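Both complexes below contain chain A, partnered by chain B and then by chain C.
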Partner chain A sequence: MKKKLFNSLRGLLLLTALVSVLFPLVWVTLASFKTPSQLNDPSLLFFDPNFENWLYVIDRGILDAALRSATVATITVIISAIAGSTAAYVISTYKAGGNATRFGILAAQVLPPAVLVFPFLTLAYLTRVNDSLLPLIFAHLSFVLPVVTWFLIGFFDSVPRSLEEQARVDGFTRFKAFLLVVLPQVYPGLGAAVIFGFTLSWNDMFYGLILTPSRSAILPVSIAGFNTFRGVELGAMSAAILVAVVPVVIASFFIQRKLVQGISGGAVKF
Partner chain B sequence: MLIPLLAVSVVAVGFPLVYALYLSLTDFKLIQKGTANFVGAENYIGSFADDGFWGAIGTTFTYVALAVIIETALGLLIALALQKQKWARDLTRAMLLAPMFITPIAVGLTFRFLLNDQLGIIPYLLDGVGLSYDFLGSGRALFTLVMIDVWQWTPFMVLLLLAGLESIPKQPLEAARVDGASGWYILRRITFPLLVPVLSVAILLRSLDALKVFEYVYATTRGGPGTQTETIQYFTYQTGIQFFRLGEASSMAFILLLLVLPLIVLLFRRLKRSPR
Partner chain C sequence: MGTVSLKNVKKSYGSTAIVEDLSLDFPEGSFTVLVGPSGCGKSTTLRMIAGLETVSAGQVKINGKDVTDLDPKDRDVAMVFQNYALYPHLTVLENIAFPLRATKTPREEARQKSLSVAESLGLGHLTSRKPKDLSGGQQQRVAIGRAIIREPAVFLFDEPLSNLDAKLRVETRSELLALQRKLGVTSIYVTHDQEEAMTLSDRMVVMKDGKIVQLGSPLEVYTKPNSVFVATFVGSPKMTILRGMSDGQNFTHERGSQFKFPSDITGPVLLGVRPEEIALEPSNEGQGRIELIELLGPRAVITVSLGESSVVAVVEAQKLHNIFLGSRVSISFSTISAHLFSEDTQLRLN
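Showing the complex of A and B:
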């Protein structure tokens, strides 16, 4: 009897949580298919979907902004994957760089962006690359690289040393042993780190707002641009929000399990 | 093989950090062409004497404390519930975790829309049961922002705590059950103590991240009403970007860094001590 009550309370809690999570997302999706006059009636649930908002945001360049975001995220993540995997390997295997390096990597991940953003802005002005994607890539590297490295340390930690030793005995150079024997062992972790790093870059607004405010605005900055609240733009804003949200939420489904091991640097395993 | 990391870090973190320190010691303004003058500690003295700055620090710490407490409590409850969930297990988890992957500005704008007093569904539903509540009004706006944070980041707590719960060894739990311990006793005396390492890491990570809150403020209140929701990141943004006072803004960023440094050190020691 007590157990039954407990179980139904548990179910109720999960149901409430699910509804709270999904409700705003469903609402925004509905709004993106509504006409301005339909938006005036919040209770309207069933209506003929209208694609005007979507055509409008495409017309206003939302896909270009998405492309810029994807470009920045891709370049950032490729550099991070190369520099991060080599570093994570030697840090994990040879304790390279000692505690100072590990601390630096952790600190850089949680550093408030307000510290670094003004130097990036000033330097961009001085070198005349302001309002372009270049300073933004550097800014995103400042937090994506440490996250990816930290992420991978945890995965390299769980690769047995004997694998590499065997490869060395078989005549592989240290780098070849890393590239052909050890690295393939962490491919799942590397994949998760790459997707997570991409998401971090794709989702950042603070650096984007300051470094690329107009001409080359990235996606989060450009969806904020629909925040005019003359009522008319609400549907368009909803469509723009979905352009930013849907790809990363789908990608996240594939990495959720790996995420814990990565975030905690291998300290917690699923 | 550490060289690529070190090279990129020097360019993307080291040099900007040193440059920020330099900026914080000058009267650099973005709109003035020409040289910046060295002013020593003047910016720091100015920031220390600035009530707005300390107000923003206070607001931010209140925000972080409230958000993290609620997220931890809710996260623990949901993680415990999910651990026992059998039906549609992976789908339930995946959906519940989704908010933490959404760009925060989208979350901020979504809630601004949902809470809008003419077009929003939440005031509309409340009106249906005869209630009216001004979500972004004086004395309430900060708590509304906290609840937006709770919506987006409780999943992060759930993710880490669920992993922590599932990595707890089964033997002590079974032994206690055989000895006839109650569910509540097991939770309080066995599960909870074993969860503490993960719990502390989760709380530290979440606090450090919540300190950076900016997008929700930018999307909903812009610091208002008055200065009630001016968080430190928003305040620094305004000083640096809207008022062009980069030197001052940089000094504020460094004071903030000094304040959060103990948390970073604590997190580092926690992560090192965790069992492998």
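Showing the complex of A and C:
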């Protein structure tokens, strides 16, 4: 009896969570296929899908914006993976900077982005790269790189030190030993860190809004562009939101397990 | 083939000295075992030879060449770690062939060579497995295969058998010895297990607190330990040490028991006797009382209390029929084999 009650409570809780996550997604998906008049009736579930919104957002350059976002996220994540994995390894193995570095590396995350964005903007103007992707990549590195590094420290912790030493005795330099022997042990973690870092960069709107306001607007900024002086273009915005959300949902699906491992200190056994 | 020589080597972390002023030569083809309790600096010494630890002072030479400041890769040594340190992402064959990648050996040649090494170690049927799918003994062989494929000047072993179960350890020990004899490569082996040290080595180096306390053949170290520390560390069960007085004719134990022991040394001494050299005879007037009997099969270890100290003896199992727990026994030992140590310096006197 008690167990039954517990089970039904658990089911109820899961249902609530599921609905709260899925409802907006379902609503947005439906809205993206509705005409403006159909949008006035949120309860309308069955209707002839209309592709006007999709054609409109494509015409407005949403795919170009997505490409720019992808470019920024990819470059950010490649730099983060290279710098982050080497940094995490040194922090884990050689205790570089002592234990303070382990968590201190995340210290910048407590600052509101507003503190950093104006220095970035000023620098971008000074170096005449404003409204281009370059300052945005730097801005994104400021939060993606520390997170990727921190995430990987736990994974490197679980690689026995003797592996690197063995490779060095086997005739390799310290860097080669890292590359050929140590790094392959954390590939699963590195993969998760890369996807995680990618979504962080992909989802950022704040830096994009200020550093790439017009010419090279990234996806979240373009989406916000559908909030016009004539009002919110709901249907178009819904289609644009789906363009932004679907890759992230797919990515999260692949990394959710590794994400927990990374956060719980890389308790992975090799 | 190679020689190794350590000259006044020191290692310290801050003000803590791990290895103090160590000088030692390892002749070509020798099998030297560094043995001592944990924390005695034996592993650090080995790691300094490998180049994995820096040397605080002194010089390390391999084949006459000063390698003190060289990277491990430039020292031409191979090492087997306690946990084997097999590369988890590579197969058995790739693990064995790995050192050949560093020397840029052509792929096919490396393959052939590693296959024949795997074959010679009885790993022929496992070449495509990953280390996690091997037993401890097989993993150990892969580690050895990876060490021998390079034909290095020196083999370094850091407690390579301690992760194996007792039976496998004894088997692997003899295989390792046979392999070393066959290849004739200078080997330096670190262990805390004195039995392993005695069975394997041509030369045994007993270390304590970062210093060498005795160096010699296993037989020398066993039969002529130069201090109480070596005497009690080497040999199992442990040598019995009794405190007392020697008057030239007899040794009188501090609790009054007297043993015939002619020697030129008089005064307060420590007397050491190996368990196998002690004879026990049931006797109502005996000095000792049986406290513990541990049967090991053909032999039994018997602990006899003598006042507040105890004497450990090893006797043949057949003789156990007249020895009982709590019964009194007289203790005797051969005077030739007994060891005398100074009470102050703990060093050997006779």
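Simple rule for what comes next: the second predicted complex is superposed on the first by the 248 of 270 C-alpha atoms of A that agree within 3 Å, B and C clash if a C-alpha of one lies under 4 Å from a C-alpha of the other, contacts with A are read in each partner's own complex, and residues count from 1 in each chain.
One rule holds in what follows: a residue touches a chain if its C-beta (ideal position, glycine included) is under 8 Å from a C-beta of that chain, and two chains touch if they have at least 3 such contacts.
Quick caveat: nothing in here was measured; it's all calculated off a predicted structure.
After superposition onto chain A, the partners chain B and chain C occupy separate space and fit alongside each other. More residues of chain A are touched by B (comparison of chain B with chain C). In the superposed model, A:Pro184 lies in contact with chain C only, and not with chain B. By the touch criterion defined above, A:Pro160 lies against chain C but remains apart from chain B after alignment on the C-alpha atoms of chain A. After superposing the two complexes on chain A, the angle subtended at the C-alpha centre of chain A by the centres of chain B and chain C comes to 100 degrees, rounded to the nearest 10. Once the two complexes are laid over each other on the shared chain, residue contacts for A:Thr86 go to chain B alone; chain C is not touched. Legend: residue contacts after superposition of the two complexes on their common chain; A:Ser214 is shown touching neither chain B nor chain C. In the superposition on chain A, A:Gly171 makes contact with chain C only, while chain B stays out of contact range.
Across the superposed structures, the minimum distance from chain B to chain C, using CA atoms, reads 17 Å. In the superposition on chain A, the residues of chain A contacted by chain B and by chain C overlap at 270. Remark: chain B residues 1-2, 4-9, 11-13, 15-17, 19-20, 23, 28, 30, 77-78, 81-82, 84-85, 92-99, 101-106, 109-114, 116, 118-121, 124, 151, 155, 159-160, 163-164, 166-167, 183, 197-198, 201, 205, 208-209, 211-212, 214-215, 218-219, 232-233, 236-237, 240-241, 246, 249-250, 252-254, 256-257, 260, 264, 267-268, 271-272, 274-276 touch chain A in the complex.
Taken in their complex, chain C has these residues touching chain A: 50-52, 71-73, 77-79, 81-83, 85, 87-89, 98-99, 101-103, 146, 150, 156. For chain A in complex with chain C, the residues that touch the partner chain are 160, 162-163, 165-174, 176, 180-181, 184-185, 270. In the complex of the two chains, the chain A residues touching chain B come out as 6, 10, 13-14, 17-18, 20-22, 24-25, 27-28, 31, 39-40, 42-43, 79, 82-84, 86-87, 89-91, 96-97, 101-104, 106-108, 110-123, 125, 138-139, 141-142, 145-146, 149, 157, 175, 178, 199, 202-206, 209-210, 219-220, 223-224, 226-227, 229, 231, 234, 237-238, 241, 244-245, 248-249, 251-253, 256, 259-261, 263-270.
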